[in-house]
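The chains carry the letters A, B, C and D, assigned in the order they are written, with residues numbered from 1 in each.
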Amino acid sequence: MSQPYLELRRRTQSRDRSLREKVMSLEEACRFVRDGDHVALGGSTASRTPMAMIWALIRAGKKDLTVSRSIVSTEGDLLFASGASRHILTSWFSQGIVWGVSRVMRGFTESKRAVFEEWSHLSIGLRYRAGAMGVPFLPMRSMMGSDVAARLKDLREMDCPFTGEKLLLVPALNPDVALIHVQRCDPYGNAQIDGLLFMDVDIAMAANRVILTTERIVSNDQIRRAPDQTKIPFFAVEAVVEAPYGCAPHECFGAYEPLFPHMDYYAELTRKNPEAGAKEYLDRFYYGPKSWTEYLNLVGLEPLLDATRRGRSIYAD
Amino acid sequence: MSQPYLELRRRTQSRDRSLREKVMSLEEACRFVRDGDHVALGGSTASRTPMAMIWALIRAGKKDLTVSRSIVSTEGDLLFASGASRHILTSWFSQGIVWGVSRVMRGFTESKRAVFEEWSHLSIGLRYRAGAMGVPFLPMRSMMGSDVAARLKDLREMDCPFTGEKLLLVPALNPDVALIHVQRCDPYGNAQIDGLLFMDVDIAMAANRVILTTERIVSNDQIRRAPDQTKIPFFAVEAVVEAPYGCAPHECFGAYEPLFPHMDYYAELTRKNPEAGAKEYLDRFYYGPKSWTEYLNLVGLEPLLDATRRGRSIYAD
Amino acid sequence: MPTEARACTASELLCVMSARLLENGQVIFAGVGIPLLAATLAQRLHAPGLTILFEGGTIGPHIVPGQLPPTTNEQRCTRRANMLVSTTEVLLLLQRGYVDVGFMGGAQIDRYGNLNSSFIGPADDPQVRLPGTGGGNDIASLAKMIVAMPQEKRRFVERVDFVTSPGFLRGGASRRDAGLISGGMYKVVTDLALLGFEEETGRMKVEALHPGVTPAQVQANTGFELPVGPGVGFTEPPAAEELAALRRLDPDRVYTA
Amino acid sequence: MPTEARACTASELLCVMSARLLENGQVIFAGVGIPLLAATLAQRLHAPGLTILFEGGTIGPHIVPGQLPPTTNEQRCTRRANMLVSTTEVLLLLQRGYVDVGFMGGAQIDRYGNLNSSFIGPADDPQVRLPGTGGGNDIASLAKMIVAMPQEKRRFVERVDFVTSPGFLRGGASRRDAGLISGGMYKVVTDLALLGFEEETGRMKVEALHPGVTPAQVQANTGFELPVGPGVGFTEPPAAEELAALRRLDPDRVYTA
């Protein structure tokens, strides 16, 4: 449900929006996420997933998070399996088309230990956009008449006062926190994103706090040389964390493609005994390593380099 | 007032949206504008004004155009003075702050020979955006209570069904034609814009036809090397015209700044006897030259080079 | 079944028959797999000016033979595209009316063309929780739809367990009355037949049988009454050049095995 | 008037007094001229982390002394900015609540802080058609407002001819009742005084007189009753370092003559 406007403004006005350095570690950035928060994730499916921050939040034992994302992949399994979340709002939830239906998602939702709240893809985009625009809803023309809409409570229909046409109104979504991974940003949080944007800009502007992870931190001077490439302004950002390969085993446009052997390994591990498989994966890759670098080391240098070679090939034309 | 949805779709579906070359002359592109059309202009004030196309339309004797733009500068004077338009919808109308109130605008509107329909800046942006999104209205939180709103007919208020808050609904604006000037596009109409975007992307997506003028035409290969820089897709474009210095005497980001001496000359010409001055200007610069190149020659190479030097200085850091 | 048709797989048949429905100059939203392959085939054969959109935000990509992207959200989908936009923007192109055709596969379809990709069994207590709508609901709400899927009794059901992507809902004016005044089911392409929908009732009908297929075969693979009227003829079998072009696009037979 | 104040121009006084109202860390929407100059002065003096937005779509530009941009829509406004966005997006930052203060000049203001930049005389038959609202209406609808303008009887009127940018409308709850539940007039800085507004009634009040200014002077230059209460004191005169910093920013005295 939409936040009352004055409450939304109060939360925004109370943020420190000054031009200031906010570089910190993954562990430090965890303080911006509280148990019970609504956490929105940037990227989509296996692309620009803010995996390093999710990794840190799971390790920090966060719980009761409501998580939303345009499309949810393996990170959704791990949020369920770790107990960090029992409620995911998205339009599609499974590892990816080639790997079939997620058995972890199935296990948790079919047994009613967790909720997969399904909205149409556009309706999620418009909910974030309404949140980013500071309006309590946006009108749209899809999803009406379907059972997707019938199962959702926070919807209204109206007859357009200009045309008389029936419209669906979807409520603004202003996440407590947004996690966004980008190719580069400066120490203040001015973020530049290459390639597909998904819903990241709206998510960032809608959220009440933003944690940016980035492949690399660049100088503010570099940002100011091409300000028309900046996609998220510093004043909307609470934390900047440099996390190289911060989406692994997912991809980051222009930097690396998904680590397919790792994705296949995960799919295989969770196919037969989904929850034991997810637990084994968490133990090995999430709770085992002492740092993100150690995590990457476990993932393996060779697959990282292979993914990098493929990732950079997008610029090979 | 918003177009009925099925009529909007019918007009869009009847456009030839295939990937095809559509390069033509300014004169040929005039056929996409019919007398009585609503013509939306890209850019704002003295920036990225589609001046070459306006020049061609005035020369072609178009009339009864309703013209809209975020902020209107000298092109508004000339549209009134030439008889091309008697109705301009904008948020601010004068040459520019440093030159004071336009006496041409005053003359035409105070004598009721032409209309300056005033909307708030954001409301115009949201009207174009609603048109671009295919919805009949967007909600907003400003303009309520003011006399700006009180003078407008096409507004509705509503109590938000989610929060109970009072909101203003502004109707979609789907111009018949949009005129947009860009730094570069390919022969199909894939357009890349540097610097300030103003409302151009929404205008282009909202319109039923788009005429692009461009500083230079580049290959489709070049566009495809950086598709995340494309701001307007080819299928929304009807005509591509290469018009170097197509905004002169206004500016084009990164290419040239305004030709200030020319702007001063125009201001002086229209100060004492506004309509005679505007007529003299039209005779000399609009009806006199045989081609856009001849127009530029009249404007003068030296001021063009000076404006170019200043324009490119934005990249001098 | 005559030799020409038997010489290709069911997936190849789906691809060729679907590709023929696409027209030059159209802008289409394509799902991955058969839809993308068929759209690319149409570009190679008769529709060079066909524009493909992907849900992830890609406009007009260049598909490299043998390298069809596995999802619509990754950088592989963006190769040599004309433009990249946000997911919300690309879906809004549907709502604005720039898109002619939505083209997707389907897990379960009913008599009125409603598609289910959410639940097997009741939504509150399902036997299987499926991955959900993705862009399917929005595409089916706003575009003229082509669906390609194998014809099987468990997939062609009287009433889907859950209307994920709306067809004609309960038939008649029910889709329009729900507020969906544009788009709607156009064709369903199966390995047995080309199916359409009656304008008044919104019911599925057989428009043509694929070469060698009998009305009884169609009915046997359909969970509701789907009679083949007296005037219904046969589709043209895939031509050699169609199959050759298709096999060049998917040389490893990832999608057409 | 003591020497310190007389030693600067009215425009300089406006700039210095306005700059003092801006706080470090604020995000402000600034019009060109005095507002931009005052905001830049505040950055140099006590608010280095102040962020300036321009209506044209510029976020956090770097203002070069002596090169203040003449409008908010041209490339000169974008020099070394942190980000450029569309006009609609930058105005939506106001609606989303990211902006603390809107800061503009005014042609005509009334008792309730309503501003007019549209018509002199009746709107249907004006003596003068002015350029209009620009972003003014949206800024005044959605942000806490600071207005800097010279205090003259013809500018400070009982009721503006036309409410272009809303103040407290007709006072009391009228602004809130109209749907404007946030923002509102905060301060008006003139060459004579610092003005504010009564919370309950929304009426303009004198908060402080500039050094040497008398209550009678204020009333003589105001078109409505604007009494100076017994507790009202004086502003601190511009300090030497404030004036020095200001003169470095506008060495040619384009805005401060």
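Operating definition for what follows: contacts are C-beta pairs under 8 Å (C-beta built on N, C-alpha and C of every residue); 3 or more make two chains touch, one makes a residue touch a chain.
Note that the structure is predicted; figures quoted are calculated from it, not measured.
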Greatest separation from chain B - chain, by CA centre: C
Result of counting contacting C-beta pairs for B-D and B-C, higher pair: B-D
Geometric centre distance via CA averages, chain D-chain A, whole Å: 40
Whole-Å gap between the CA centroids of chain B and chain D: 30
Centre-to-centre distance between chain D and chain C (centres being mean Cα positions), rounded to whole Å: 59
Touching two or more other chains - residues of chain A: 5, 134-135, 140-141, 165, 167, 195-197, 224-225, 228, 317
Chain C, residues touching no fewer than two other chains: 58, 78, 80, 84, 92, 95, 181-182
Overall pattern in which the protein chains touch one another (line/ring/star/complete/other): other
Pairs of chains found to touch, sorted by chain label: A-B, A-C, A-D, B-C, B-D
Residue ranges of chain A in contact with chain D within the complex: 5-6, 8-9, 12-13, 16-20, 132-135, 188, 190, 205, 220, 223-225, 227-228, 230, 233-236
Chain B residues within the chain D interface of the complex: 44-47, 70-71, 90-94, 96-98, 101-102, 105-106, 109-110, 116, 118, 120-123, 125-126, 128-129, 140-148, 151, 157, 165-168, 195-202, 251, 253-254, 257-258, 311, 314, 317
In the complex, chain C residues that touch chain B: 24-27, 48-51, 58-60, 62, 78, 80-84, 92, 95-98, 100, 181-182
Residues of chain D touching chain B in the complex: 32-33, 55-58, 70-71, 73-76, 78-80, 84-88, 91-92, 94-95, 118, 123, 126-135, 137-138, 141-142, 162-166, 169, 174-175, 178-182
Touching residues (chain side chain B, partner chain A) in the complex: 1-2, 4-5, 134-141, 154, 156, 158, 160-163, 165, 167, 169, 171-172, 194-197, 224-225, 228, 317
